[in-house]
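The letters A, B, C and D name the chains in turn, as written, and every chain counts its residues from 1.
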């Protein structure tokens, strides 16, 4: 950590900071510049708090040097993590597509969709049984009955299940059915939930909150890794900006940015990321071209009558089109589907 | 709801939409303009979904007319709600200041702070026992022991307790100690938590998420009101923008905007809203001048050594200064403290 | 345009609005719903202003129906515009790459770069002679001498010149040298400049301002088209968001969104869009995959010593790598380079 | 400037950076931490560019220590600047209100408004003769005729004139009429315009661009001061965020933030800042309470028929109400109007 003193700081002010550093058991390293004196702290900066120095007299600024995350970083593990979900590898050369309806609505709806997306090349099935909705008057999901339908469809199709868990005390129940637990964007910083999930040995799909910085996103992953569960897959699903032609602004820049800093796989959700069914295919092609390890896409047999997210769902026919197009892009970037 | 057809829509396209409206049991109202045909739907638009029409052929746009919230709106209740918390009215002529440390750290710290803020005019005590932290390596709160300390201090000082609850299954426990339950910004859309709280008859301080629109904020309040608990106080605490000189951008514009649309009281958290102890006093004055019904402020006896949020905490002396200054502003806008 | 009355509006309030509409020479169309009365105005809504109605008593909201732009829209011209720049078509099946240094620094630097990018497949040369810099102490460009160097290099390499013009009264001078005039992001709404350019018959590269909505972006294009110059190429170069790992947030979503609404070509600037040389290649691949008609990329023989934008410039070797990679992606999406 | 090396940097990598620093004539200062080596550069960091080091091998990050602005900063001048405009001091104990129509439309409109706002206590008159409009089809201002009307009204009322100049080559003309030149938000980084204005000895109202950081805002002021014109008044007028209930998000936090870093006065434009006439009064009270040195407010005799900005204009009666209310707030914060 580096402490920058104000231009008007006296030797006594500097000495005061240096003593405080020593009191805490660290070494201070002084550097007098032309306009500012700078003090480096030698030692693990995760062991003290910025404000222990920023609030001392005549301190202008305190700048951390190290990343706040550890297990999540490439410094800790240099090679890419590959996570196995129901026999499917995520994070390797193959690009994995997860597809299915926003909400589980009925056995017919789910079975029909699952068979269609499987035929087109999806490797895992998504479907929400517990739904976090903006409105209390909207459909809130089928709950455990939805999970049972997912299992039934898995038994028939062989597709592993990806489904959301919304609360720490539901983790155990959902984990009985799911092959990968999804943490939704609204729960990215639900620390009780992250801690509960960290105790399992089960893959987790961690969605980025609409307003999460990269540090915050990786720190949420760190909650799960630091509890003992290293099977985390990140998911970009759009950030909140001033833009009004998409529901969110799908931020593909985070893909190569994450790849540099972390060994975790990252996939993209173009359905939530854009909120527009007509942008899903071009933005899926772009996600693969940017280096994403996979996609999670909403597909519904009859989008106008979907219980939720109809405007951002593909029909099975459009999903087939999506798969055709991204296969070519995947090859162009040296990957396969 | 209003449906705008594309310029190239034929009579058959329009007829198709009209028939769909009738099938659903509503009345269609046609208006042919020079460049576009517009179809109004007569009936309660909360009973159908936008995509039932937006995904029909040649539909350009579907525009809702009604607000999505009902109980929260001024249409439903025109006079201001006044919520009583441990004998203190929030939402009336008096401005209420809630103060205390970010985290409950020890009996001494809490008692000292409580007595100081009470002496300066605070009417309620804040203090976190359960803390949602960005880092898994940071202090996570004292839990129930923190709640017990809050109660002890309440018994001595008479100050009602405002404290955060982070999860549906902790609501009952926290409600035994708290006079007002706080829903943190990260949990504003934790629907299980909102529903659990909606079953109590206890005041709730609902903090705005950093990226919540006004509709989303009021819809979260609607979750609580629609479950039967009408004692909701809104709290602005900063939004996420590109700005880098504050931790968040405290958005005072929402105060008069909310006052027009809703009958609920709204207070301001200048500590989280700015993240800078040196901006708390001017922005508190501004909040009162903009029409806020109160403040919630972090105060710590020794900010550099606070377990959390030291950089945005006032010392007791600065808090006294804050109270002196906002008293004058309150009078200037016809209110009192 | 649609006028929504407040729920408490009386018949007299509605009548007042209707009479105002008639006074202005338009036809009113009334629709009484269960909770709100709605009034449609039949006539060209570009002929009156929203506030002529929004400020009348008991008007809750006024909603425009038509897009504010006309010549720029697909309603006006359904097939894609193809713009020819020094013999190179932009907007057709071929993807065009424009490359060169941020600033023209010297003949050697420019010639070396031009020959390198031409050898790798660039079709046009970029280079700034007039530079809008954030700091008054930074290099401000070589001015007309820079233009002369660009021309010299064009004569040798045959590469057409793309260069920025910053002010209305410099348009004529810059247009003597340039094959395509660039309007920078900071000047997207410099209306004098747009008007001056609209009088020429010369291609224009119009860069999106960091905080421009889609409507604002297309309205700036409309300034140029409505003045008589239809040769406009749009350019996405990043928007300002809370994100801190890129200088701007390159918003590829705008590519398919623009393609639906407008017939104009759109290219992408991954150098400014990300601000990071190490993200240029993956985001360029993504831009092509999303449907962009081209790229504009900064290339410098020695980025650490560039007079400007070194951190977001590719070396000639990396540019060759970029071209190799995007050629494959272009083929995958049915285009060529 | 501080250079942070990657964890994998070797002694040779460090040595390479150190040599580069020496070559450039500066002194390097080494600090080896547990996980990272840090190199400080002793010397004026404004004399080299960040990328001269950030692009060297194994450099992880380069952090500037000094602010990029100099003349604008409190380090350069510690006491508040007071700027005199037509005999009125801005930046002292008195709060100054500038009022008038968005656009100059006619002599009657301007004279009526000027007399009304003067009677209510406005000290300077605003009015646009050159208007930067989003749409090419909207009213673009009366040009020099508008300036002549402003002068006529000044002669009658004695109110000094504040009016916008949009281009470098119009500066001389507009300066003949204006007592204070306004640089609009869209032109905050129009460097030719800033330089032209910097050569005058005339007050300048510099409006913050909707997406300007504090550094960028002060750097634009620095352009003017560094050219020799020290009479700059800053103006906050709203930033672009995801918020949809205001046209922009008026960011009052910048007032106390600027006051710490700069000696320049800062005023607030609640008309553009909110875009809603019904929010102008509460946000004006808040601006004064936050420490603003003045306001600039749009007033029109008949807002629904204003040529521009009717929705954010006060009537003369509402303006009188504004003045009554802010007088009380000004007193509460120890100032006068």
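Rule of thumb we're sticking to: a contact is a pair of C-beta atoms (placed from the backbone, for glycine too) under 8 Å apart; a residue touches a chain by one contact, two chains touch by 3 or more.
Computed from a predicted structure; not experimentally measured.
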### Greatest separation from chain A - chain, by CA centre
D
### Task
With contacts defined as at the top, give the pair, B-C or C-D, that has more of them.
C-D
### Query
Taking each chain's centre as its mean C-alpha position, how far apart are chain B and chain D in Å?
31
## Note on the structure
Whole-Å distance, C-alpha centre of chain C to that of chain D, is 26
### Task
Round to the nearest whole Å and give the separation of the Cα centres of chain B and chain C.
38
### Task
Note the residues in chain D that touch 2 or more other chains, in rising order.
211, 240-242
#### Entry: In the complex, chain D residues that touch chain B
211, 213-214, 239, 241-246, 249-257, 260, 274, 278-279, 282-283, 285-291, 325, 328-329, 331-333
### Message
Help me check something: in the complex, which residues belonging to chain D touch chain A?
### Response
2, 4, 7, 29, 31-36, 38, 40, 42-44, 63, 65-66, 75, 240-242
### Task
Note which residues of chain C are touching chain D in the complex, please.
46, 49-56, 68, 132-137, 140, 166-169, 186-187, 189-192, 194-195, 209-211, 215-216, 219, 222-223, 226-227, 240, 277, 303-306, 310-311
